[in-house]
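Structures follow.
Shared between the two complexes below is subunit A, which pairs with subunit B and subunit C, respectively.
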Partner chain A sequence: MSLITYEWKLLRSGYGFTIAIVFFAIIGIYGIWTGVSWSQFQKQAIDTAHEVETKTFLDLRQTAEQQEEGTALDPVDISYAVNPGMIGLFYSRPAYMPPTLLAATSIGQSDVYPYLFDVTAHRKDAFLHQEEMDNPVNLLLGRFDLAFVIVYLMPLLIIGLTFNVISGERERNTWKLLLSQPFSIYRLLGIKLLLRGLSVMCVIIPLFMAVVGMQDANVPLAMVGIWILSIFTYLFFWLLLSLVVNTYNNSSSSSNALVLVCIWIILVLVIPASIHLVADSLHPVPSRSHLIEETRQIETEVRVDPAGLLEDWYRENPGKRPEDFDPNRYNFPLFWMAIQREVDRLMEPVVDEYDRALNSQYRFVNAARILSPAVLMQDVLNELAGSGYSRYQHFMAQVENFHHEHINYFAPRTYAHEQLQVSDYSNLPRFEYEAEPTRLPVLRAITASSGILAWFLILLFSGMFTIRRLHSIE
Partner chain B sequence: MLEAIQLSKSYNGTIALDSLNLKIEPGEVFCLLGANGAGKTTTINLFLNFIEPSAGSAFINGLDVQEHPFETKAFIAYIPEQVTLYKNLTGVENLEYFSLLGNRRYKSAELYSFFDRVGLSRIQAAKRVETYSKGMRQKTGIAIALAKQARALLLDEPTSGLDPQASSEFSLLLKELSSEEMAVFMTTHDLYRAKDTGTRIGIMKNGTLVDSFDTPSVGHADLERIYLEHMSR
Partner chain C sequence: MIRIIAKKELRDILRDGRFRWTSGIVGILLLASLLAGWHYTVSTGTDHNLAQETMREQWLNQGEKNPHSASHLGIYAFRPIPELALVDPGINNYTGTSVWLEAHNRNEFTYRPVRDSVPVARFGELTASVVMQVLIPLIIVFLCFQSISGERENGTLRQIFATGVRSYHFLAGKVIGTAGAILAVLIPATILGTLALVFFTSDGGVQFTDIGIRSVIMGSGYLAYFGVFLGISLGVSAVARSSGMSLLILLAFWMFNCLIVPRVVSDLVRSVYPTPSAQRFQQIIADDMSEGIDGHNPEDKRMDELRERLFTEYGVDSIENLPVNFEGVALQESEDYGNEVYDRRYGELWSQYESQNRLRNLTGMIAPFMALRSVSMGASGTDWYHHKHFAEAAESWRRMMVREMNEALIYESASQNYGDNLRADELWASIPDFDYRSPKTSQIFRVVMFPLILLGIWLVASGAFLFLLSRRLIHQPKL
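After this line comes the complex of A and B, so read on.
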């Protein structure tokens, strides 16, 4: 047998190792199942929204066709089908962010950030903040997905497998016997740590490759590469940490375990939570109730004179004022459309304030994430899974643009009392999600991954003194 | 084979070993006697390069252990007071494991032949070490030294805790090894065993080698008297 075979045999000699790895594999599979379920749920929700959209607008178009042919019977349906105000306000268009190919690996904040909006010509906040107005810069405990298993539980497993890699030999009195051999103790420890690390990776990589294999399209190789390399870097960081803690001569296995678990608590729980708290304190985000209150107040003020708003528009757009426009007769879609646009305009500073605070929080968290390799690892996984904040921002910009496009299509037609024609149905604004170029999430993942590498190198540099003295028993 | 020149070690001003000059030739069994804390284990640790000397040098086969840590370790085998091997491996597996660490690769039959030489049966060698007595573990330690083809043996109180029969068998084994030109350096509290096994005896007190003489020149009673005289000074 080779030395590696013996090390493997020694590693497996107790039941603990097998139980830990099997348990880790089971929770990893559960994590994948959670992720796959979530991404399938998202896909189904988007597909359903598309189906409803297609059917609704097909029905409307048929009604409009019947009106043009003079065969329509229900005047209510007709008024809806050709009225741009009613369609714009009450027939929503889904704006969606589809799950990426690696979505199942990290749900990230995708369960906090909305991925599907029903965009109408109503004011922005009516659909934009319908899901969640609380602080979404939530880098803490998310769902039990593969990312959770990797970021939170993998270090614990590594600690469990390595906390006594040297102290155990000392306690068994085999350490001096090993040191007396003409064999590099660093090489031997390297074999011991690598075997433990690779055992963990032998669970994670197949789970990841299973997700990759489940996809209809090919996952870009760069993404697969960065994903695996980042996990290795994170894994090596924890292996090295355990080695450094083990190198202190007087440390016992139990004290090593205690120290390592304390470091885990600090790096994985305390620092991310602190970053979050400090971000909240430095850049507080206005609450949902504040936004609702402001909106109601503005809406109440605006509703006093919607006709005045329309008159302003007609003055700016000469020739668009319908001959039958009566400012004293309440025309629902017309007046409501004008009210919504004005509320949106007046609400802009409030929403901007919210966005500014959110972006400030994000910038702070983004800068402070270097304080914790766990946050960096979570970021890498989120970026590659498309569940990070940057992709969400990219999506939100598209949603806002589409909302403007939607309003700019329906509002002028509503104000001018123009009716929709059947031919217009082919040109109605429709949301098409524009995916980010692959290089952007890859670059963001590389940036976060570099942070983990920096942690590894700093630890290697600072731990070098004790590691170099390993051959000594002093 | 083993040589110490002005070898010294102190810890925060406390002298653990003071200017030791010692030479152990192949075929020689040097038994170092001394009370606890006399500096016996420190001497072994210095030869094994486990600790750095404060002054002087330790040489193995003419090589400074600090300058040539790997080369010198290839020449020596170390047997501590408690040979604690990997209890989940069998004796022969432990032997193969340590042989691999000593850059030696053997076939199964060859591995068992080392157990034959130290007087452990093949059935015993195939058993897990957790079932071994201390004497069997010490013998396995010797088997490891043989497999390593070591030319010097460093033993730190190897017979302590062994029953008389196991102790006697162990002594015979050491004599056999010394007859094959192996240099043996053994620390012990056991005057009888030192006299019985050693070709030369040293007495160490407070880090200093206070006496050294050839074993045939003293009887058992003389040895005890000399030792106690040194200890009472």
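After this line comes the complex of A and C, so read on.
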């Protein structure tokens, strides 16, 4: 016990330690503020979309009611309010991915992936480009969120606090004195490292718990547990790395710092960037300019004979052909709807090619990320914050389903020339976001987290040899 | 004397195994990133050029149709990829690659490359600019941190001065020797980069005519930046109590400069000059269009007024009797109104971006990284200014095309039927191709001037720092 007290006193005696920890706490709070303001921004955008949606459909419904009562004034409005083609094509429904409970801890990819689409019965690529309109320079420089503080800066702080944990004693000529003390040198080093590590955790855990406490709903315990455990593993990995570097016989404090910073650069900057480069070269996503060219080609061809498409549909759905259908008279919502469906159908294999390339890239990165504990740590934080690739994919699948649902409601009614009734307004398809079951992100986080654990264990085993000969360090 | 010291310094560094390893790795990274950048620039640039040609063909061969349908077909404008993007792709991945130019709507740029990349992309890309902005300063720190403090610790500093060496000769020798070692890493990369540029321009993808000046601006920016790090590193090494302290201070500065400031600032400028969500922005525009800007002058009223105006102008009392096509006039009228709305709302949004960028540029005063970043992106033509320049060129083409189509409707199909007297192919061909010209050289200077001056100030300040120190090198520092 006394050893801990003495070490703590020693640690507190210089200003460096206190300044570093206070600075770390300040940037941690800044990181949380960044994350919280971003998730509030997203929530507000989703709320705005809902308000607009509610008001628009209420207005339409009122017009439809006036039409039924015969009190309507404006013939243009009426034709919109009861025309399934016009409503399906031009009155959008928001499909959205709300920020999760832990969203504020890691912004991850959420600032470049869209989280809100205005879905209509137009073809898919008409609404798939609704990215946020953030200043691109801001996007390039990246966000200063809690995840950045943990993944990038925490290791540097650990390096700063521990790079001379043995070499410093040797340079002050106190190492031999320590070896001759009646306590085990392993115990002393353990205490030194733990005190430093725990001080860092004493900053991060309260910040994290503050985010957890801020939420209206309870954050699942498994998520909290995995979050904290992963951070501990990551932290211990860097502590151990510092210790191992320190145990080399002829190391000076500055060469230790040098080596540790080099390792940090390789693990945190170079390997992730190289993984990206290799993934891009191995599984390149074809140029989107080809996609644009192809889409236009297909659209031009489809536009030639929309009536033929409709005739096909009527053959498959007998009894639905309106009596006044005239294939030679261009009927806007009717023909346009048919064109959109056909373009979507023909584009599917083309778009699949892009998705396949992206998925191959993703699979490659998922395997290659084991090369960097920083990428693994970022993945854990993204998974738990719901700002990673998998949750986005899950959302996109829902958007696609909803698009189909929307079309399946409006297209047949449009083709059959049916009018919408006021009562139909209560049954129009609406998007309801369905969250992934908690176990999925937790499992993905555990997978990434076990990668960090593997790094820690490998380092532990390979470092054992040098750590065991501590007594022989001169 | 300076030469002898420089030679000794250079020899020392080149013999050092640590230098050979780190500079070897960084050199390889630099070459690899240049290669990848070259591949990206050539392939994407070629793709975009080809796609632009296809767009023109589609436009010319769209066949018989009414001009308004044609203005809905429009074209996609593909952003050209400037040659120097091989060094610094800048914001290219975060803005879309192309924009659809059609009637009624000023569309956003689509297909941002960052959406087509995996999450690990956010760790940063391996580009030549990143290697030079982040890793080379670190090599400089590693080379210099014990350059003077080490001599002091070994007791050689006193010996050197005892031989009568002047302290500024000593410092100048150190600067030149270390700079020589860094050049050993940079020269192969520069040769490769120049070769890539030559190959690229011979590939038919010339975008900028002033590539020479741009390269010089970019090069001097980077050299100034390295000079700043060299001066600061040697200076700190001279004032630090020990080599360890010198390393700690320099690493802290590096971290502050390359890691902390860029991200902190991007979140800070966002909160000082907030921008609306895309949802809100589109809503504002939709409201302006239907209800009139600020709720005055709604759409229905605007159309009634237009009808009355035309009736008075031509002395008729019904649309059928008008000598011009009413639909065409109405379309152009709403187009003009829309342009007014877009000008105002995009103006507001972009002025927020620009305020953000100005504030960000100011942080170049505390972190040379920020100044260099602006110079590098500005010179390579991948910064906000160049993006805006392209977006504006595309938008004015759109307005011209839509106006021409509407006028064809107004004057050449007066019978209120579409396309009666139109010679379609001639009409399509009368619209000039979208031929983007990059901004003039003088404009580039205006963009990079301020950050370039900041870098200059940094360079002078770090030089002065060294010079002032030279007088008291021999004293034991307290830091």
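Here is the rule we go by: the second predicted complex is superposed on the first by the 457 of 474 C-alpha atoms of A that agree within 3 Å, B and C clash if a C-alpha of one lies under 4 Å from a C-alpha of the other, contacts with A are read in each partner's own complex, and residues count from 1 in each chain.
Criterion: a residue touches a chain if its C-beta (ideal position, glycine included) is under 8 Å from a C-beta of that chain, and two chains touch if they have at least 3 such contacts.
Everything numeric in this text was worked out from a predicted model, so none of it was measured.
Following the overlay on subunit A, a side-by-side fit with no clash is recorded for the pair subunit B and subunit C. Using the contact criterion defined above for the overlaid structures, shared-chain residue A:Leu188 touches subunit B, although it does not reach subunit C. Look at A:Glu69: by the touch rule set out above, it reaches neither subunit B nor subunit C. When the two complexes are superposed, the chain touching more residues of subunit A, out of subunit B and subunit C, is C. In the overlay built on the shared chain, the residue A:Glu316 is in contact with neither subunit B nor subunit C.
With chain A used for the fit, subunit A forms the apex of an angle whose arms reach the C-alpha centres of subunit B and subunit C; rounded to a multiple of 10, it measures 90°.
Using the contact criterion defined above for the overlaid structures, shared-chain residue A:Asp326 touches neither subunit B nor subunit C, since it reaches no partner. After the two structures are overlaid on chain A, the closest C-alpha atoms of subunit B and subunit C sit 15 Å apart.
Chain contact summary for the complex, subunit A toward subunit C: residues 27, 30, 34, 37, 41-42, 44-46, 48-49, 52, 108-109, 112-113, 116, 129-144, 148, 152-153, 156, 160, 164, 252-254, 257-258, 261-262, 265, 268-270, 272-277, 279-281, 285, 287-293, 296-297, 300, 354, 358, 361-362, 365, 369, 374-375, 378-379, 382, 388-389. Listed in rising order, the residues of subunit A touching subunit B in the complex are 1-3, 6, 9-10, 13-14, 172-174, 176-184, 188, 471-474. Across the interface of their complex, subunit A is touched by residues 45, 48-52, 69-71, 73-74, 76-78, 80, 82-89, 93, 96-98, 100-103, 148, 154 of subunit B.
Against subunit A, in their complex, subunit C makes its touches with residues 18, 22, 25, 29, 32-33, 36, 43-44, 47-48, 50-51, 54-55, 58, 62, 73, 76, 78, 90-91, 93-98, 108, 110-126, 130, 134-135, 138, 142, 145-146, 243-244, 247-248, 251, 255, 259-260, 262-267, 269-271, 275-281, 283, 349, 352-353, 356-357, 360, 383-384, 387.
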